[in-house]
Amino acid sequence: MFFASDNWAGASDPIMNALARHTDGFEPAYGESSLCDSIETQFQTLFETDCSVFVVATGTAANALALSAVTGPAGTVFCHKDAHIRVDECGAPEFLTSGARMWGLDGKFGKLTPRALETGFQEVPQGVVHHGQPSAISLSQATEWGTIYDLSEINTLSALTHDKGLAVHMDGARFANAMVTLETTPAEMTWKSGVDLLSFGATKNGAWCAEAVVFFNKDYARDFIYRRKRAGHLFSKMRFVAAQFEGYFENNHWLDNARHANAMATKLAEGLDATSFCRTVCPTQANEVFAVIPKKLAEKAQSNGAVFHDWPSLGLDGKERLSEDEGLYRLVCSFRSTEAEIDRFLNEIGA
Amino acid sequence: MFFASDNWAGASDPIMNALARHTDGFEPAYGESSLCDSIETQFQTLFETDCSVFVVATGTAANALALSAVTGPAGTVFCHKDAHIRVDECGAPEFLTSGARMWGLDGKFGKLTPRALETGFQEVPQGVVHHGQPSAISLSQATEWGTIYDLSEINTLSALTHDKGLAVHMDGARFANAMVTLETTPAEMTWKSGVDLLSFGATKNGAWCAEAVVFFNKDYARDFIYRRKRAGHLFSKMRFVAAQFEGYFENNHWLDNARHANAMATKLAEGLDATSFCRTVCPTQANEVFAVIPKKLAEKAQSNGAVFHDWPSLGLDGKERLSEDEGLYRLVCSFRSTEAEIDRFLNEIGA
Amino acid sequence: MFFASDNWAGASDPIMNALARHTDGFEPAYGESSLCDSIETQFQTLFETDCSVFVVATGTAANALALSAVTGPAGTVFCHKDAHIRVDECGAPEFLTSGARMWGLDGKFGKLTPRALETGFQEVPQGVVHHGQPSAISLSQATEWGTIYDLSEINTLSALTHDKGLAVHMDGARFANAMVTLETTPAEMTWKSGVDLLSFGATKNGAWCAEAVVFFNKDYARDFIYRRKRAGHLFSKMRFVAAQFEGYFENNHWLDNARHANAMATKLAEGLDATSFCRTVCPTQANEVFAVIPKKLAEKAQSNGAVFHDWPSLGLDGKERLSEDEGLYRLVCSFRSTEAEIDRFLNEIGA
Amino acid sequence: MFFASDNWAGASDPIMNALARHTDGFEPAYGESSLCDSIETQFQTLFETDCSVFVVATGTAANALALSAVTGPAGTVFCHKDAHIRVDECGAPEFLTSGARMWGLDGKFGKLTPRALETGFQEVPQGVVHHGQPSAISLSQATEWGTIYDLSEINTLSALTHDKGLAVHMDGARFANAMVTLETTPAEMTWKSGVDLLSFGATKNGAWCAEAVVFFNKDYARDFIYRRKRAGHLFSKMRFVAAQFEGYFENNHWLDNARHANAMATKLAEGLDATSFCRTVCPTQANEVFAVIPKKLAEKAQSNGAVFHDWPSLGLDGKERLSEDEGLYRLVCSFRSTEAEIDRFLNEIGA
C-alpha cells in the first residue's frame, strides 16, 4: 500500500532491460553516441516536429534549466502559486536562472486561469525596470493537484502569453499521465497548442532517472548545451539516460504505464468517494488522489502499512472546510500499483 | 582499440547486477531508502571515519558542489593550471559557487608543488578585499596527466593550506586508480593526509553515473543537502546511484577495475617506450598514457579503428620539444580494455 | 507640486555642504579614511551599541546585500507581499543572494501580521529540502503603504522569528520617517525590538546616495566586506558617502527632514479627507499619502503641473471599492515639499 | 606626497561645482531627468557616434556589468593575466556574469599581444562544451602597469577577436590618461579601432564616483538596464552622477586633469631614472610610475610622509632582477599632484 509518491516505485522492466542491453562496449561519451542520436530522432517522430532535445536526469534540473533558457536578467516566470517550481525544488529555478522570480498566481486546483494570468501581467508589467522582465509562463501538466489542462485551455493561455512576446513552458513531470487522459497526441498537447519548451518527465512513470528538455521553439535552445553542462548535468556516459528512453518509448510502454497508474488512481478515488466519510477534493484526472479522510482511519491504515502523506489544506477552496477530525491526504499511484493493493487500502479505511 | 576516454566503456557487470537487484519494489525517495543509508555506512567503513556522504551523478557536480561548500563570497580556489575544475567543466565550479575563482598554478604534469602554492598565497593574500577570499586548494588524484601525489606530498600541501585556515579538496575522479598505485588505504590517501573533502568518482571506473562528495570535516557539510538540491542534483529515485555503489564496493570490485585499467595503461606505455619513435612524456601512474607518436602512424592507427585524441602540448615542459611530424596523444585505458586490444594497437603503430 | 517620489528632491543643503567640506585633500580610499571611521562611530553612538556598519549607495544594494548575509543556499525570506524586495528592485534580492525566495505574505497595508508569518512558516517549514531554507523575515519600516509598525508589533514578529532561529531584517529606506512618528530612538526601533540587521536609508530623506547596512548581530557581518565588493558596491572615494552621513546626522538634520516630510504628508492627507470626493485609503503615518481621487480631477491637476503616479489598487482591502471614475494615487512628500505647494495642489483638486 | 592611488584625491572643483549646481529642485528619478539625457548626448557627441550610455558609480560595477552583457552561459573573457578584472575586483566580474572565466594571458607590462591571444583561443576553443564559451576580450587602456596600447595594437587585437565573433571590451578606468598620451580622439581609441563596449572611468581622474558603460555595438545593450538595476546599480537620484559628468566634460576639464596627472608622473619617473640607484621598470605612459627603489630609501621617505605601496614583482620580466635591498613600488599621480610634492619626494629619496 505505497501511495507516498510515484517516485518510490523503482524502474519498470522494459527500462531495466534496455539499460542492460546497452551496458557493454564502447560508445562516445557526453551524448555523442548513436543511441543518443536515435533518442533525439524518436522524440522528433513522437512530437511530429524538428524539436531540439536535451536529456537530463532530474525533473528539477529539467525545469530550472529550461526556465534559464527563457529568462534574461531579472526575469519573471508566471506560474500557479502551488507550482512545483515555486513551492518545491529548493530554489533551483531561482538559482539556475541567476535569480528569476517565480510569480505565483491564483487558480483552482493548480490550474492557471486567463484572468489570473492577466492579473500577473498587470502586477509585473513589461518595460518597468523596477519589476524586472516578464519572461515566460509555466504550466504544469498534470498539475500539483493531479488536474489537467484541456487543449483549449492551453491554447488560450499560450495565446495570451505570446501576445506579450513571452515564452510558454510546460512542466511535464507527469506528461504521460495527462496525455492518456486527454487521449491526445504529444504534438497536440504541446507545440500545436502553443508550448515553446517542455520538461518531459519519465522518472515518475517508470524510468530510473530520465527527463528531457524539449525545445519546439529552437531559438531558445541556442546556448542550452552550455547551460546544461555548467550546472553539472551533462552526463559522460549519457547512454544510460538514452537507454531508459529507448525502453520507455518501446511498444508504447510509457503510455501503458501512465494508463495503468491513472486507472489505479481512479479506482482509489471512486472507492473513497463511495464512502459516506471520505471524499476527494478535486477531480482525479491523472495518477494522484487528494482526499479528505477521517484522521483516525488514515492513521490506522498507516499503522497497518499504508504509506501516504498528509497535504497542506491551505490551497483548498474556501468552500471546502475540514472538520477537526478530518485530514487532507495525497495518494499517488504508479505503474507498480495493483488493484489488490488498492482494495486492501480501501478495506483498511473501511470503505 | 578504444582509448578515447574511460567514460566510453559503459558499466561493468557487478554494477549492472546490483542495479537490477534493486529495481523492484517501493523505497523511500530522495535518498531516504535503507539502501542509501547502507551506502553511507559503507563509505564510513571504507574510510574508517564518521564522514558525511552525499551521492551525486556527475563528476562535475561533485567538484563544483564540493567547492561551493568551502568558498564564501568571492572565494578563491588554488589549483593546478591544468586542473579539470579550471580548464574543463564549462564553468560549473564558477557557476555553482556563485563566482569563485579557480586560480591556476604551475607544477610539472598536473601536480601542485609547495612552491607554486606559496606563490598562489602571495598572489591572492588573505584579508585583501580586492582579491577576494582565499578559500581552498583542490588537488586532482590522479591528475589530468595521469600522475599521482604520494602521501607525503599530500600531507605537505595540506599542512601549508591548513596553516592558512583554508580547506583541502581532492578531485578523486580517478581515486581508485591512484589508490591502487600507491597501495594505500582510502583513509591514508585522504583525511589522514589532511584532505577535508573529496569528490569520489566511480563513473570512470565502471559505474554508470555514481559519484559522491565525502566530507571528512563535517563542518563544511552543514548546508550541503540544500546545495545539492538547489542545483538539481538530488535524485528522487536515488537508490539507482546507491545500487551502483553497492556493486562498486562489493568484493573489492572497484579496486579490481582500477588495477586492471592501470595495468593496461602500463603495458601500453611500455610498448610505446620500447620503440625508437614513440615516447611517453610523463610517468604512467594511473590509467592514462600521454605519448609522442609520429603523426602518420597515429593517423594510420586511427583510420584502422583506433580511437584516441590528440592533446594540447602547451602544458609540456620546455625541454620536451615535438618535431613537426610528431603529435602528442592521450590514450586512456579502462576496466574494459584488453591485452589483445593493446597488442593490436601497438602492432598498428608498428611497435 | 512634485509628489512623484521623495527621490525627485535632490540633496538638502547640509548634505551638500558636508560633501563640499570633504572634497579637498588626500584620504585613504575604499573606506579607510578617518571620516569613514568616524561615521561608523556615529552610527554606534546613535544606535547605542557596537554595531557593524557598511555604507553603500543605493537602497536596493543595501537590501539585497543585507539579505545575502542572512540567507544560505536556497534561502527563503518572509516578507509582505507588497514589499519592495519582492515586487520592485528588479530581482536584485534574488540575484545578489544567488536565488533566495522572497516569500510574500498577507497583511493590511504593507504590514506583516503574526498570523501571516505563522502561515509562512507552515508554507516553508524548516528542514524540508524541497522547500529550501527559511532564513529571515524582512519588515519595511515605514512600509510600502506609508504605514508603520509600532514597537510591540516589531517585538512580536521578531520573537516569532527568533524562535525559529531566523534573522530579522528591517528595510529602513524610510527609517527616519518612521522614527519621528513613533517618537522613539534608533535603538528602540531596531535591536531592542529584536532587529538583527537594518538597511538604513538616507537617500529618500535628503542625501544624494547614502545608505548603510547596520548589523546589530555581528555574526552575520562576517563576510560582508566581500559581499559588498563582489557586487561592485565598494566605492573607492568612499568619503563621498561618509560625508553625506556627516551632514545627515549633524544637528539632527535627518530628523528635521523627516519631520517636515511627514508633516507635509499629513497636511495633504487631511486636506484630501476634508473633501467629500477624495479619501485616503490607509493611515498616513509617514511621508506618503495613498488616496482615492476622481480621475478627472487628478488628470486636471497633472495637466496643471502636479506630478504624482497612480498606484495599483490590487493591494486594497476588499471593502475598499473604487468606482469607475475614481483612481488610486500615491503622493509622496519630502524635505523639499512646501505648505504652499500642498495648498496649491489641494486647490487644483478642488479641495 | 600622496602617491598611493589616484583615488585618494577627492573631487576636483569643476565637478563639485556642477554637483552643487544641480542639487536643488525636483527632477525625475532613476535616470530620467533632462540632465541625464543631456549627458548621454554629450557622450554621443564626444564619441561621434550613436552609442548607448549607462552611468554607474564604481569601476568594478562598470567592468563586471559590461562583461555580463557580452558573456552567455559559461562565458570566457580573455584578458592579460595582470588585468584588474582577473586579479582585483573581488570576483565581481565572475559574480555578476554568473560565473564567467577571466582567462589570463601573457604579455609584457599589462599588454595583451596577438600571439598571447592566439594561445588563449587555442586553450579555450569555440564549440567545445567542456571549456565553455569564448565570449570577449578585455583590454585595459591604460593597463595595470601604466602602459598604453597604440591604435594599431587595438586594431590588431580587435580584428583577431572579431574574426572569432567575440566582443572587444575596453577597461577605461584611466581612459583619459591614455587618450591624452596618444593625442587621439575618443572615437579613434574605441569603436574606430574595433572596441564594442567601454568602461569609461572618471572617478580616478577627478570625479567622486562617475563611470559609464558605453556600448558602440548596441546589440549588446539590449538588456543592460535590467542588468544594472538587478545588481543594485541604478541610482534613484542619478543626476548626482550625471552632474559629475557635466563638470567632467566642461571646458575639457577631463583632459586637463589627465594631462596634468600624466605630466606629474613623467616628472617623477624622470627624476627617479636620473639617479644611479633607482630605475623605472616599464615606460611611464600614463599617470603611474613603477620603479625599483632601494628599500631603505623608500622606507625613509614613507616615514617622512610619503604614501605609496610596494608592488608584487612577480609580474616582472625575467631580465629585471631585484637585489635583496631593492623593492618594486608603484607611485600614482593625480589631478591633485603638484610639482612641489614631487620635488619633495625626489629630495627625500635623495634624487
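Read from first to last, the chains carry the letters A, B, C and D; within each, the first residue is number 1.
Methods note: a residue touches a chain if its C-beta (ideal position, glycine included) is under 8 Å from a C-beta of that chain, and two chains touch if they have at least 3 such contacts.
Note that the coordinates shown come from a computational prediction; the quantities given were computed from them, not determined experimentally.
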item	value
Contacts common to subunit B and subunit C (chain labels)	A, D
Far-end chain from subunit A, centres as C-alpha averages	D
CA centroid of subunit A to CA centroid of subunit D, Å	50
Interchain centroid distance [CA atoms averaged], subunit A/subunit C, Å	40
Where subunit C and subunit D are represented by their mean Cα positions, the distance between them in whole Å	35
Subunit C residues counted as touching two or more neighbouring chains	30, 73-74, 89-92, 95-96, 98-99, 129-130, 132, 226, 229-230, 234
Partner subunit D, residues of subunit C touching it in the complex	2, 4-5, 7-11, 13, 16, 19-20, 22-30, 56-62, 64-65, 89-92, 95-96, 203-204, 208-209, 226, 229-237, 239-240, 307, 336
In the complex with subunit B, residue positions of subunit D that touch it	73-76, 87-92, 94-102, 104, 119, 122-123, 129-132, 312, 314
In the complex, subunit A residues that touch subunit D	30, 68, 72-74, 98-99, 129-130, 132-133, 223, 225-227, 229-230, 234
